[in-house]
Structures are given as C-alpha cells and as structure tokens.
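In the two complexes below, subunit A is the common chain; its partner is subunit B in one and subunit C in the other.
So, the complex of A and B:
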C-alpha cells in the first residue's frame, strides 16, 4: 500500500508556470481521475511524479520518503505514458521479459492472458503495432507490473469501443483482486465517471478540485425549462454555467434542489458537465 | 443499466438486485454474485457496488455468509414488495401527475388511460 504526497510543487518552463504551488495527496485503495483540459498541467504533474522532471520548488513524498532520485520510492510506481519508451525493434514478448527485470512483481502469466483477451500477438514487433494495439500493449504492461501505484495517462487512445469496455472491466477486476492506487488521466470523463471514486481537477497549473466523486456530484444539480423561468429561479443562486438552445435553458447550480418550482425539470449534476463548466476559460 | 438516470449508482445497483430477486432470478437462500462481479460487469467502482449491497444488508434483503459470499434472505421478496408499495406513490403517481399537468391532461383522461392499460393486459392474458 502506497500513498503519494505532493507538497507545494512549482514547475516553470521558461516564462510559463506549468504548475503553481500544487499540493495534492493520492491515497491508497482509490481509483483517481486526474482531469484537466489540454495544457492544464496534467502531464507535467505526472512527469514530476515519476522523476522525469525536477520541480523548481516543493517536494514529492512516496510513503513519506522523498521521491526525487530515490529508486526505492520510484520503483513503487508505474506510469503508462503516451510516449513509447520501448525500443521499436523489440517484440511484445521481449518487452514483457524486460519489464519483469525492472519490476520484480511483474506477472508474465497475467500479461499473456490479457494478450489473449485483447488478441495481441506477442511475437509482433512494437513498431508494427497499430495506434490502438500500441495502447493495448502499454495497458497490459501497466496492469501486469504489480507496483503499488499505477498511473494510466490517456490509456484508451485509439481503442475501439469493445477494447475500451474490456480495458475498464480488466482494470476493475485487477483493482478488486489487489487494491492499490490507480490514477487515470483521461479526457473521456463520461466513460470513467462511474469507475473512479475520487477526482482531481487541474486548471491553469492549479488544483481546483480534489474530492470524492459522490460528494462532487451531490454538490449541485441542473434545472431546465424556459429561459425566463430558469433566469427567475437562478437569481441569487450559485450558478456554475448555462446551456441555451433557443428559449430552452439549462443551468448548473451549486446547492440543494428542494425549492425548484414544478415548471422546471431538475436533473443530476454530471461529472463531465461539471468539469466543462469549471474549466471553461 | 442507464447511469444517466437521476439516481445514485449505488441505489440503482441495489434496485437491480431487488428486481432480480422479485423476478425469481435470485431465489431466496441462493447466492448472489460478488461485489467484484457486480462492479466489473457494470463498470463501477467496487466501493460503489459495496455501498449498494450494504444497503440491501441493512434492509434485511441479503446477508453475508462468512467466507462464502452474499445470499438472499428468506422472506426477502416480501420485504421488497412492501418497500416498493410504499415507494409507489412517490415514484409513479407523483411523476404521472406532474407529467399530466405539463400536458394539460384531465383526471378523467388519466383514469381512462389506466382503464385502457388494464384492458390491454386482460386481452393479452
């Protein structure tokens, strides 16, 4: 069981501050969703976590130990990234053997069983894999590596609906068999909304939300109806945003829905809607 | 399962299991699938599935046999039926009246429709 504490991390690239005084803790036994728009700072955060970048200030602790240039701390973590870190000429099965060298708990038998389920041929060379199978190859290594912390960065890139479904199911099965710390960084919020139990949202290099999904979606609600009726109701309310379609208007609000007039429809606040409203410029 | 519904997922899971018990798919004193099976099958967080099942444990609908898994309580059907009857007014009648109001339908219209519904049922039988 491992937990990650990120304490007041700042990282700048030239003039641009990618992360500003970011503090967040990833606890064990949870599946986190790490969400943010393009350029929000997600990948920078992951690169700092895994020691690929050094922070300007602040520190990262894994189980209380400083992670920076600390092999023991870093070996508790596996990060599946968008980039291919394996030699192009290597075959899939060789990559498994190689991964087992670096990750002592790598489960080759499990990796092979996943290859069968995803129909990935293990004697293929990595450079000959399609975009989708490239993602599958990386997913399989991440699921099989056996580390206490596993980070999935855009895991379903190029995967068809069947393979995405299979991935989500295998992910939950894997987590149930050996609860650890899973972090999913993705733009497909709707697909993971029921899988994650905690959500961290980054906007412009700052954490704007870090909470249980259940708390987040019960923070508010939506109302829809004629624009006049909606406008009247939302006076003096905490409004996150609107959608308008002609005279039909939906508003996303914080608070309780017990005083909504019967002329308006009340709906649930969905994670993706909330995300869009919170991260719109 | 349609998670777009305006109800928490754990409540929907609990309801699914209740429906399965009512339909006889899960018989009294028989074992139901594990939390993991529910969460994998419906692609939901294991904690959410557990929360749904715990709700049924609290209501005396399923119980845990140590080391074996979850089983349907004897008399579970009865419990679900009386609970559902209590919810019937809020879940269906209130919604029906709200929708009818929106469509400016009269009380007589609605009663006629209910009669027609029963008529169709009888024809089918």
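So, the complex of A and C:
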C-alpha cells in the first residue's frame, strides 16, 4: 500500500504562484476529495505529483521514496487527467493493450466489462470519441490499471447523469474489492460528498483544509423552517449561507446545534456549502 | 533508469515504426521492380538513381526521429515513465531500427546488384564510385559487412538529429520556433556563402569541407571506419543535447 507525502512544494508560472509551500499527506486506503475553485492549484498539484511538471522547491515522496523521475514510484500511480495524453490514432482496445504492457496489474477483462456497461466501443479511435466518451475511456483505464494510487482529475467532464452515477458506483465497488488510495479532483462536490472519506481543500495555492469528511461536516449544521423563525435563530450565529423557497428557508451554520428551537428542523451541514464559504472570502 | 520499465516503451516504439517501414520498403521494391521491367523492355525510361534505397531509408529514419518525441512523451507520462527512461528507450529503439534497416538494406544491395544496375551509397563514397557506371559492383563479404556497419551509424546519426530537432522545438516557445524556422534555413541556404565570402574570404567553407572530409574518412584515401567513429561521436553529441532538453520537459496543454 502506498502513501504520498508532499513536502513544502512551491510552483510558479512566471509571476503567478500556483502553489505556495504546500504540504499534505495522502494516506493509504482512503478516497480523497481534492477540492478548490478554478485556478486554485489542484491540477498543478496533481501534475507535480505524477511528474508531469517540476516543482520550484519541495519534494514529493511515495512510500518514502522521491517520486520525481523515479520509475518505481511513478509506476505506483495512475493519473487520469483532463488532457488527452494518448495518441489520437490509437484505438481504445490498443490503448488497453498498451496499458497492460505498462501496468502489469492492468485488468483487461474488467476494462472490457466496463466498456460494455458504459457502452464504449473498443474499436473506435481515440480522436473519434466525444468529450463524454473520452472521459469514460480514461476512467476505464484508471479503474482497471491496478495501481496502488489512482488519481482522477475532473473525471466526469462531459458525462451525463447516468454515466456519472455508473462511475461513482463502479468507483465504490472497485474500492471495496481492492482498497487503495483514490484522489478525486472535481467541482461536483455534492455528487462526491457521499463517496469521499477525506477532503483536502486548496485555495489560492495553499491547503486550507485537510480532514475527514465526517469531522468537516460535524463542524456545523443546517436549520430549516419558516423564514421568520430561521432569521430569528441565525442572529449572532456564524452563517455559511442559506436557501430560500417562498416562506421556507434553510440556513447553514458553523457550531453546535444544541439550542435549536423545536419549530426548526436540524440537518447535516453540506460539504458544498462549507466549501463555498471557505473559498469565497 | 529501470531496465524492466524500458521493455514496454521500446516495444511501443518499434510497433509504431512498423507501418512506416513497411510502406517505405513497399515503395522501394516497387521502384526496383519498375527499374527491372524498364531494363527488360529497354524502354526510353531509365532509372539511374543507384543509391536511392539508402537515401530513402535515411530520410525515413530522420522523419521517424522527428516524430518520436511529442506524442510519445505525453503517452509515457500518462503511463508513469520517467523522462530518463523515455530518452533511453527512444534511443535504444532508434538504435535497433537503424540496425534492422541497415541489415535489410545490405541484403537488398546484394539482391539488387544481381538483378539491376545498382551500386550502394557506401561503395560510391568509399569504394568503386568511378567504376560502377557500366555494371553493378561485385560485393565481397567484407564490403557487405562494412556497408552494414556504415549504414547502422549513418541511420542512427540521422535519427538522433531528427530526435534532437523535435525535442528542441518542443522546448521552445512560439516566438523562438518561428525565429529558428526562418533564421536557420535562410542562413544555411542563402546567407552562409555570402557571409563567409565577405567576412572570412571563403575560409569558413574550406574549413568545413576539410572537417567533413576528415570526419568521413575521405582526406587520405578512403577509410569508412573513421566515418563510423565520427558518426557515432556526432550521434552521441546530438543524443546528449536531446537528453539535456528532454530531462526538464514539462507537459503542455
């Protein structure tokens, strides 16, 4: 099982600092959600992790070994990126065959079964795949590669609701069958909130949260009820945000829900609401 | 560098070269067939290009070198291959391809000299360049062996030049690419001779000619082994430059 340690990584592009002294550890056998707004530094972090970019300073260790230009460390990871890194003329089935060459634990049978589920034709050339099927193609390789660390950078780009649902289902099944480290970087927080067990939030190139989802959610709560009752209750509280529908209002707050009046319904804090609050300021 | 990790990249390279090589040899054999037919029927059409095959192979492997970086670089990064392994596997694959092409071309030479009026490029330069106009040369085992070795080094050198150019272009930004694409051909084709005449009274051209003559073993008689050593040194030089460029290459959108 593999553990990733990122130590004081800094990466700049010209004048822009994409990552500033970032330190974070991805422990084995967890499903991580790597969250951040556009341009926060998520993709840069993942590209550094998988050796696609070089850091200005700092180091990345996989099981205590330096990952940079280290074949052994790199072979423990597979990263599905937004970019197409596969030759456009290559057919899907050829890509599977080569993946099996590069990753000895690649499960071709499983990849083909996923192709059937997602209705991906393996005879198609990669350049002829739609955006959605391009994502599906990369998802299938990532799920089948058998590496100890699997990274998904915007995995559901262009996927319809049915395929997204199928992906999440397969991801959970895959994790249950062979627990390892999954890192999911996505903007669809609500959809992955129930899948991930740890969350890492990046803001402006810095890690602002690295915790278990349960701990994060227990940082606050939601209250729902009539708008007047909710407004009255949230006075002098730390409010993350609220939704209003006619006279019905839901508010998301930080803190404990001990003093909530019986006229209001108490619910769990939504990860997305907390994320918006944390990354808006 | 992980030698186990190199197997798959080398295999990938060789598989991707296969189609190009098949098409090239199909063209070579078709042209040779045409030459043989034209000789049989003694039509006015006459095919006098007697070192065509080696030139075609050299150009093909140069082009293969040119296309061996960008796509493979991205594919390798997707598959967890370090840049060092990428470089060594590409170099090894081009070395294997050079050897295979040199071997096929040497066998082809042997066949072609029997069926048509053909003189290998190697012999035109180092052997019987002046006496092949009437008939094909008789190739001795030593000639064939030297021809093979010389071709291996030639093909490897041109493939390394191709690889270096494509890696250099990958590392340059758009402005540099345009500047180099315009400036280098203009200077080499139109500017070199006038500049040399104006500033050095033609000495630069003479030095260059002398250098190439020595490097290719043509200064004191004909010694192909000097050329082989020189080509290996040049290939090593371009390979080293390529490695320096490739080792810090990053993924581009």
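Methods note: the second predicted complex is superposed on the first by the 240 of 281 C-alpha atoms of A that agree within 3 Å, B and C clash if a C-alpha of one lies under 4 Å from a C-alpha of the other, contacts with A are read in each partner's own complex, and residues count from 1 in each chain.
Following the convention adopted for this analysis, contacts are C-beta pairs under 8 Å (C-beta built on N, C-alpha and C of every residue); 3 or more make two chains touch, one makes a residue touch a chain.
Note that the structure is predicted; figures quoted are calculated from it, not measured.
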Partners on subunit A (subunit B, subunit C) - clash or fit: fit
Go through the superposed model and pick first if A:66 touches only subunit B, second if only subunit C, both, or neither. neither
Touching A:256 in the superposition: subunit B (first), subunit C (second), both, neither? neither
Considering only the touch criterion stated at the top, classify A:195 as touching first (subunit B), second (subunit C), both, or neither. first
According to the stated criteria, A:75 is in contact with first (subunit B), second (subunit C), both, or neither; which is it? second
Who does A:85 touch here: subunit B (first), subunit C (second), both, or neither? second
Once the two structures are placed together by chain A, how many degrees is the angle at subunit A between subunit B and subunit C, based on Cα centres and rounded to a multiple of 10? 150
Which of subunit B and subunit C A:54 touches, first, second, both or neither: second
Min C-alpha distance subunit B to subunit C after superposition on A, in Å, is 27
Touching subunit B and also subunit C: which subunit A residues? none
For subunit A, which residues count as touching subunit C in their complex? 47, 50-54, 69-72, 74-79, 81, 83, 85-87, 98-99, 101-103, 147
Seen from subunit B, its contact residues with subunit A in the complex are 3-4, 6-9, 35-36, 39-48, 98, 101
What residues on subunit A touch subunit B, complex-wise? 31, 165, 168-169, 172-173, 175-177, 179, 193-197, 213-214, 262, 266-268, 270
Within the complex, which stretch of subunit C touches subunit A? 1-2, 5, 8, 11-12, 71, 74-75, 77-85, 247-248, 250-251, 253
